[in-house]
Amino acid sequence: MGRINRRQVVKAGLGVIGLAASSKFSFAVAQREEPLRIGVVLSYSGPYARLGQEITRGMELYLERVNLQAGGRRIQLLKEDEEADPAVALRKVRKLVEQDRVDLLAGIILSSSAYAIRDYVNEKQIPLIIANAFANGITRERRSPYIFRTSISSWQQHYPMGAWVVKNIGKKVFLLALDYAFGKEATAAFKESFLQAGGEVVAEVYSPLGSTDYSAVISRIAAARPEGVHAVLSGSDAVIFMRQFAQFGLNRTVQLAVSGEVTDETVLEAIGEAALGAKSGNHWVYTLNNTANKEFIQAYRKKYGGVPNHFAVRGYDAMQFIVNAVQDVQGDVSNKRKLLEAFKRAKIISPRGFVQMDPETNNATQRVYAREVARVDGLITNKLIADLGIIRDPGK
Amino acid sequence: MMGWLPQVVRLRKIHPGVLALRASLIGFLLLPLAFKGYFLYLATEAALLGLAAVALSFLLGHGGIPSLGQAAFLGLGGYAVGLAIREGLPLGLGLLLAPVVAGAYGILSGLFVFRTQGIFVLMLTLAFGQMVYSAAYKWTSLTGGDDGLSLSQLSVNPVFLHVGAVSALAVAISILRYLLRTPYGKTFEAIRQSEEKARSLGIAAFWHKLLAYTVAAALTGLAGGGLALHRTFVSPHDLFWLTSVVLMVMVLLGGSRGLWGGAFGAILYTFIQAWVSSFTELWGLFVGLLLIFTVLFAREGLWPILERRLGGGNAGP
Amino acid sequence: MPALKVERVSKAFGGLLALAEVDLEVAPGERRAVIGPNGAGKSTLFKIIAGELQPTRGRVYLQGRPVSGLPQERVARMGLARTFQKSTAFGELTVWENVALAWKAARGQERDFLNPLVPEEEVRAVLERVALLPRAEEKAGNLSHGEKRQLEIAMALVQKPQVLLLDEPLAGLSGAERERMGCLIRELDRNTTVLLVEHDLDYALAFADRVAVLHYGQIVAEGTPEAIRENPVVQEIYVGKPEEAPRGNLDSSASRPKVLEAVGISAGYGSMRVLHQVSLEVNQGEVVALLGRNGMGKTTLMSTLMGLLPLQKGEVRLEGRPLGLLPPYARAELGLALVPQGRQMFEGLTVEKELRMAAWGRKGTWTMERVLDVFPRLGERLKTPSRALSGGEQQMVAIARALLRNPRIVLMDEPTEGLSPLMVRQVAEVVRALKAEGETVLLAEQNVKMALSVADRVYILEHGEIVWEGRPQEATGAILHRYLGL
Amino acid sequence: MALLLLIQLLNSLAFGMLLFLLALGLSLIFGVARVVNLAHGAFYLLGAYLGLALTQALGSFWVSLLLVPLLVGLLGVSVERLLLRGLHGRELEQVLLTIGLGFVLADLLRAWFGASIRSVPPPAELSGPLILGPLIYPKYPLFVLATGLLLFLLVRLILARTPFGIQVRAVTTDPAMASSLGIRPTRVSLATFGLGSALAGLGGVVGAPLIALAPGLDAQMTLFALIVVVIGGLGRIEGAFFGALLVGFVDGFGRLFFPQVAMFLIFALMALVLALRPEGLLGRRGT
């Protein structure tokens, strides 16, 4: 008797381990009174950890305004860390869709992650609201009826700056960008208008994502002696570049005309004084005087303190967009066609001012501004210097 | 002719307990076919990583070769399949290319690695593995660099992929176990025990180890190819040496000798890691503690303990 | 055409010349023995022939084909089989698997991955020949030391070599095992050429057709066993200069406190038991000599006393205190100091640093100044790296190092090994000076004449057992001949 | 162009010295305790984060410059005594244990200090550029350069002159004989483990303003230290020094001229050295 039941015990034991792991996977079918489950995939580690944190803050800030309700259903956020790695983003999205049975997906910081999950999301027909990833292709050649972008495309944010820089900074500019989808697209968009306006590219250098030392690039800039530098960096890369730029004393001799990502308040907070005077193009500026912006800044500072930034704005708007659409269909997300119609029609009152979803490209049409780093209300942030008009992504 | 040694040669009667245990291991892997979705996804991942772990277990447990560069072969296999499909080659050719490419790098790096002995082998395999990582990360035109390589345009039916993975694992284990009973395998074990003695008998230890290293590299490449199909994405991050350490943890957890341990360790690790990482992102801490525990307390791994407890003492080699 | 030819082979390790212009020729089927004291270069020559080491100059021919420079496995493939001094086998494989592997390797089939390894008839025959058939399925690791030696011989024989190299096959074997191994080697078929390197003078002379005597890296004598036994040069190497020197004359009756006492100690390397129930004692102010031919266990005893080797049975007491399994540094703290065999200078340290390191933290009569008085030569060489010194000078450093520990007792392991006769006399002078200063010394020595000239009491060690004890005067010619083969 | 080369030369020298601090610790620990400490990068990262925290808490970079190496050294000693002592003589198990330790440390740091990347400002008196005629170069990397050189001379002096230094070299070449002369190998290897870890901690504090702190940096630095030790050869302090300089140059100028393949060049260099001399440029065959 001893030998037999031992074998059963082990086999059962192996089975239990399997089930224990799988019991985590609930297979409940979404009913009406079930909470609306939104899978949020952002970077909570690696070079973009702070960005993920700020976007989540923006989302939660807006949810508080509507006390977590949309169309009569409670909203539940299931957060997953994409670890700034496209393969991980895909794995986590797959887990949220197949295991946690989420109704909607939101988030995605990295353009390469957006490209990686695009086909899967399209095939599974789960609406995805992109709160950050700039990749042009998501709303162009790889457009999907299920994917909407409420932030901005690389082209929209960087194209207008080209001409502006030639007029206000100078003709000879050194181009630096991160060596992945976002960096390349943004630089191409900037060059498009910059060269048309008669600008001259002194050098074009790409550096790897998440590198911890920019001294080599900075010594090249010092030697090239350009009139201006157009840098497309974000997260830690932006922080390290700006600090070493000041350490090398370049901020005395070379003008900075960079992507909005580089002069975001999360970066300025880490660098401080060294960034004063740097110019950039962005779809949000701290000093925009519209009621939505005032309300947002006041709510953010009350709840989190510190300086509000455009990542929080993007999270805030993305959630506003979702709540608006879900309200439109009274919380019934099961009818996909109706839900997609609601998303196309959704309007939001954004701290950025005028923002509207372009039904043809599923990308948000919005204003872009030129701004300069300055001390405002005792904070190191950006002040508006020019409105570059309403910019619509051409979609092709 | 062999009558004089009756009890030596006949195929040793494997104890029923041990046989049942191994059957339940394979059974466990086929179980998820009943549940679709994420559970099946994890099981396929476990089977494929199991194949790579078995290859490492063959090297480490039987050859005494501590390799921290297996992630490179995994990656080479993945990129081989990914690029083959991107160029429109048939899937079969891609899966054939994976072990060939990985095996070739095995030979190339082995030529350097086996010029040294002992702990330097570990350091060199680690360095050569990182060479592939940095190439994959930087050679954006070929590998897509940090954006990775997506194979989404090809959809392999998950069930078919899973059965393929599990059978590949089972076939690999039986082939390698048979190999260990042939002169080639016995010599491989002999070299681990005393390379000096083996060479004094006329055995060219350098080439022998290089051949085994290449076989293991090819098997790991095949597993890498399978993973590329499974994840429909290949990213340089999987080639970082931490993946090699994870494979090492699987082998040590399961038990480095007997090859079954490697497969068991892979299953255990994959499911525990998925479970842990769902409620904390500190799974690295978990892996570290697991490694320290295994090294200090369960030196020959959990599987032999199971087999011994169940098989009434004479665990298979 | 000679089966094996060694032509003007030299080998240098750093400054030291281990082999100088050695010539050796072994005819096919001949049984050649190479004998010589420790440090004479026997194992270096053996490794060069087997391909484990490359000669600095000169060449080695196997059946006329040059083999020096080839890797070990190629030389083995060309028909040369060898055994190892510390016998090694594949412990986790069974006995028959070890032999089967050797057989497959000899026929180049070790890469066969199709059919499983099975015991062939040749394997059975060889196992029967070395009387290991009943142990065929045993794991090689579980064999006794003697059985492992037999397995090694079986693995060599199954390869059917042209030339068989045997490295001290009888070392560490006791009574019955020595007999069995001895006749096993004697009964090797005549057409295999055998080169035997052996400490045991009697067995070597009995076994070999011709004998070569290696000393100080050179062949000093070669010929038939009978000629070698009578050869005065060999006598001197094995016994030391037969000049008359004053015998130690300390009266042993005076009641002197016991400094060091060993009671029934057994020790060895792994499964190889070298010392069997050895007991001895050294009293305050005495110089006790431990005599015995090479390989009888002198160095094993000294290493065990110093704690470098684990004690398997018995007990060692220092001034009545049992030392148990204390590690060497603890014993050094308590007052034991070792002058190691081969002197063991530290790489990268100068003479001054070696001495300062030893003296660090040890107060007492022996200070740097006093040591430099006793060894003036070292005074001039303080700044030179210790490994660059000559053999004699290194010996002085080793002794000075031990003295600077201000020890209760100095253990000297073969201090005259490899030294020129002039240096041997100087070492004897030093030992006498130490005795005059009241130091206690346990001297393990192969040079009998030197030892007798300085010792107050003498032990003779044979095959790991104390076979005689007494005062130097009582060590008559008969005793010396019986135990030390003089 | 010459200005660019000069700037990059200084950058490479500074990075080289940082690698030297790291590789020296690793080489000492392996030389004496015979352990390849793959948690070395984690000790570096611990030193960096502790430096950051203490500088903020105590308000002085210099105090944390002294305090952090002591703390990390203590950790090294306790690791050797608690975890590694039991595995004496089993090289592979010891290496695997250090890998596990590295994982644990890295994740604890991430949990404690957060996962975002921190760029540490240099101390006030060392921040900002130094103007030497045409050359504008930040002061801080020069400080790192000076620290590295100072350490090289200091440790060489300790190893050559002091009793502890001689004991370390004796135990490195012949532990048994050293023990017979009353030197306790276990105590020497404990002290060396502490010294090696302290050097890694020092590297962390000194390196943080030079290279930003991020999760994953530990694995990167362990790899760099390994490559320097493999190239420079083990057992001799000069090996770690020249190995570090060489890797610093290849990395610095590699990133300047062919940024795409910089990392690859370092591996190519290593493979080349190993093909010619498996024991490394200055290593001894014996160790």
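As written, the chain order gives the labels A, B, C and D, with residue 1 at the start of each chain.
The rule is simple: a residue touches a chain if its C-beta (ideal position, glycine included) is under 8 Å from a C-beta of that chain, and two chains touch if they have at least 3 such contacts.
If you're wondering where the values come from, they're calculated on a predicted model, not measured in any experiment.
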Give me the set of chains touching chain A intersected with the set touching chain B.
D
From chain A, the most remote chain by mean C-alpha position:
C
If you tally C-beta contacts across A-D and across C-D, the winner is A-D
Where the CA atoms of chain A average out and where those of chain D average out, how many Å apart are those spots?
37
Interchain centroid distance [CA atoms averaged], chain C/chain D, Å:
44
Chain A and chain C: spacing of chain centres that average the CA atoms, whole Å:
76
Any idea how many Å lie between the Cα centroids of chain B and chain C?
46
Shared interface positions of chain D, touching two or more other chains
110, 115
Residue ranges of chain A touching at least 2 other chains are 44-45, 208
Note the residues in chain B that touch 2 or more other chains, in rising order.
137-138, 140, 281
Those chain pairs meeting the touch criterion are A-B, A-D, B-C, B-D, C-D
Taking the complex as given, what residues does chain D use to touch chain C?
163, 166-167, 169-170, 173-174, 176-185, 284, 286
In the complex, go through chain D and note every residue touching chain A.
1, 3-4, 7-8, 11, 15, 110, 114-119, 121-122, 127-129, 131, 136-138, 140-141, 210-212, 214-217, 220, 252, 255-256, 259
As the complex stands, chain A meets chain D at residues 44-47, 49-50, 53, 205-208, 210, 212-213, 215-216, 219-220, 222-223, 235-236, 239-240, 243-244, 246-250, 270
Contacts from chain B onto chain A in the complex sit at residues 17, 20-21, 24-25, 28, 31, 35, 37-39, 41-42, 137-138, 140, 145-148, 150, 152-153, 231-235, 237-238, 268, 271-272, 274-275, 278, 281, 306, 309-310, 312
What residues of chain C sit close enough to touch chain B in their complex?
50, 52, 71-74, 76-77, 81-82, 84, 88-94, 96-97, 100-102, 104-106, 108-119, 121, 124, 133, 136-137, 155, 159
